[in-house]
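This is the structure I want to talk about, given as structure tokens.
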């Protein structure tokens, strides 16, 4: 019996392991190392209505046990996604596909959601209102409770697909925002998106990143991510997709104990491309050793 | 084309002088697939360094199952690498990216390397030298930067340096122009500082010569997944790690 | 000529290097390794009016390139501080002493400030409105713009000593709070206090820390700290005391380039007790190599 | 008393079986000052591990300038330590804390160690054995935990284990009680699991015997600066790293 079987806010998954948007491209980039279909779900790179070139200049900087990125949502836009990317995905990918959905205005979010809603093969929507790398929309939306609520409500109205709202950790009171987002129709909360960070090149006397600030991720941010998962678990009744620095089975278990029903692996895939396979195997082993009926037995156990 | 993660044992890791190192590792999987101009991502041992370091393949010694890398210590990752010894194990990911066009014949080729840009050129020269006529122009900052030429061991090498302390006193682009005045070159391959490659490409374009450049960008994944190394090209956004590092110069310069 | 000489909001210092409150005890704990008088200033452990035992249970957890602490402001209280600690300090310490001042209520902050104001030997006050490890006061104050402004104003009224207000990074808009604090009489801003984090013991199925959450510090947090220094530099006209993960001369230079006029060394002293000496020497060397008149030449250079 | 930061060379780092290791390093500075019951903070090499690891001094071999540590691999830091080899350099900070009361004479002493608590007891036994009468009760989880006794090499050692697989089938506290019935013990020193030390202290207090316990807490600084290892005592808040790790049992237990 598969002890990792999970239904995450309506999405049936063979295990609670997903990829974090933006770290697993368009689903097939890591196929040389493992079959992406072993994943419970693949969360694709952030998508926008129109194509985006992303930010100019250096986009990647390493920091102690972490990294900064200022990709700026580079993506080919919805039309290309529907006509080309989805076709390519359908050829090889059988597991769940989740779109990471972005907009510059509430109207854009809604319009893109309406379009995505029509693609049957998409199992769910991760609504990204927390990207730190774009001027309009993104984090500015997620950090403002009113707008976070409004965009959730309006998107909810136009789709029946499971709606996972991804929140920014760069706020004073994330529980409050999570609760609002729940009240406005979200089926799950994804936490955390990247922290806002910066790196400096002292030789050039300039920021390393072309965009000055970047999204901070990787093992370094794990303590913040765990704290936020723990806080939000207390605040909401919908399930949590936990992420932020997971680099081992042990880390994944920590997130689940804090309250995550499923977890996304991100930056640490760069370090160890086999991480997803290792974590799935690791969780299976853990279930056996701990004699769990299902991995969900440990979800939120810290609160009990 | 497949790529692998491979734990490889270090056979040799020697300093060629100053900050320049030659690393040799035993490989079984990657060696079967890797080609000139492609690269590997090397995992630092220090866990505080979470990103793998992109390093070009310098030489593929299939006979002995040995991959060679030529690198310079610049920061924490390469400094750590330089402390490793024969017998130590490192994890490398590769082969990555698209290399040079090596299936060519009966051409006159100029290969131009500046500084660390020399790294991928040994294997390239080996591949194209037999069925083509090759001239290799090598530029460098100091005498240590030329130590690697012994390992490349290619007779038709022209050494140039800005101050004339080694070889001719000119830069690689000047040398290229000089050659073009005398000879009919059909192809140019170049790797080195971006500004040098721009100038080489300019010369190539002016003379209507097909030219390939090997680019460098900071990388997250090395697989095309993170969009960290994207650049604008005439064919849209491309990834240096997957669509490159080697590009037709017309696509990426000017 | 001493190229590190700095006047930080009225405090004359031989260099811009201080210790971060709570990581350098009561000033003399590292005397076996170096003479603390080489420091520009020593910022002492957080002080309260009454003695505090701090938090029960485990207080320290390591995280990737960082650590969590939930000390909970253990300190002997003002009377002991004045009568015993200060006497001991006066014996050996000649450099500037800065008190890190804490309260449970605004009245307590004011009362303690009045008392500290009478101790001539204290060169300045670091007003801590950002401790994540106490129930009352602390971070709750610093995260609320109104209260941050009020406590600053009221404390300002009762002391002429340089007043450095220490802010929490766990907020949505730190620039706004920094500006308010400036407007209400602060002479400088200290950033950052610790991020709020958590660690989990999967064997015990419990948080590692007795207090569940802890303050997150060390090299891991540097990208966030640099970003905040950069943001606050843009927002205020008073000098910044920068800190958060500094572990080398290079890091110190990064903070100064982002806008810090002086920096505090904290967690990394645990890793390398000689860090303060190394950074002072390193900055001296840097001034020579870069032919600076004074290290202040690089303060905020990123903004120019 | 002074403390130092010292780069020390590893002379030997051997596995005694299972997860137990004996580490020997060459020291010049720390060795001059360190005493039984004190400890050092060892800096892991991996930069992701920023906190030093507290490890007790196991044996001070002044003649050869060698410090010995006995440790168990439990997490990342000790696992990394176990991979180091003779010739490798580590940075250690010490001596730290207050050790056992060793300036005693003509006493009958019971020394009780459980598991890794045995670590600081070799040096202690060496120091007090000459001018006092010592009995050493050693308890452990498995046979490998007793391998260290060969290194301690003390004749008056009583081995006990819960399952009787090695030595007598009883726990250390039962053994202590048994001895107290027959002998007149004036002092007790103990180090081991907290619950064991509590019980030993209880017996000591009941029998009016002076008792010292060596405590363990997670540490940040090791110098008394961070208040990370504070405990409540009858004399107020004390720091295990500075005021301990060895305390009079009456101050810290019940």
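Order of writing sets the chain letters: A, B, C and D. Residues in each chain are counted from 1.
Everything that follows uses one rule, which is that contacts are C-beta pairs under 8 Å (C-beta built on N, C-alpha and C of every residue); 3 or more make two chains touch, one makes a residue touch a chain.
Because the structure is a prediction, the values reported are computed rather than measured.
When the partners of subunit A are compared with those of subunit B, the chains appearing in both lists are C, D.
Across the two interfaces under comparison, C-D and A-D, the one joined by more C-beta contacts turns out to be C-D. We define each chain's centre as the mean of its Cα atoms; on that basis subunit C and subunit D are separated by 36 Å. Computed centre separation for the pair subunit A/subunit D is 47 angstrom, with centres defined by C-alpha atoms.
Inter-chain centre distance (subunit B to subunit D, centres taken as mean C-alpha positions): 55 Å.
Among the residues of subunit B, those touching two or more other chains are numbered 47-49. Among the residues of subunit A, those touching two or more other chains are numbered 64-66, 219. Arrangement of the chains shown, judged by which pairs touch: all-to-all, with no pair of chains left without contact. Subunit C meets subunit A in the complex at residues 63-66, 68, 143, 170-172, 195-200, 202, 205-207, 212-214, 216, 219-224, 226-227, 230, 245, 247, 250, 253-254, 257-258, 298, 301-302. In the complex of the two chains, the subunit B residues touching subunit A come out as 2-5, 43, 47-52, 93, 217-230, 232, 237, 242.
Within the complex, the subunit C residues that touch subunit B are 64-65, 219.
Of all residues in subunit D, those touching subunit B in their complex are 45-49.
By the touch criterion stated above, subunit A contacts subunit B in their complex at residues 22-25, 29-30, 32-33, 45, 53-54, 58-62, 64-67, 69, 71, 74, 218-219, 267-274.
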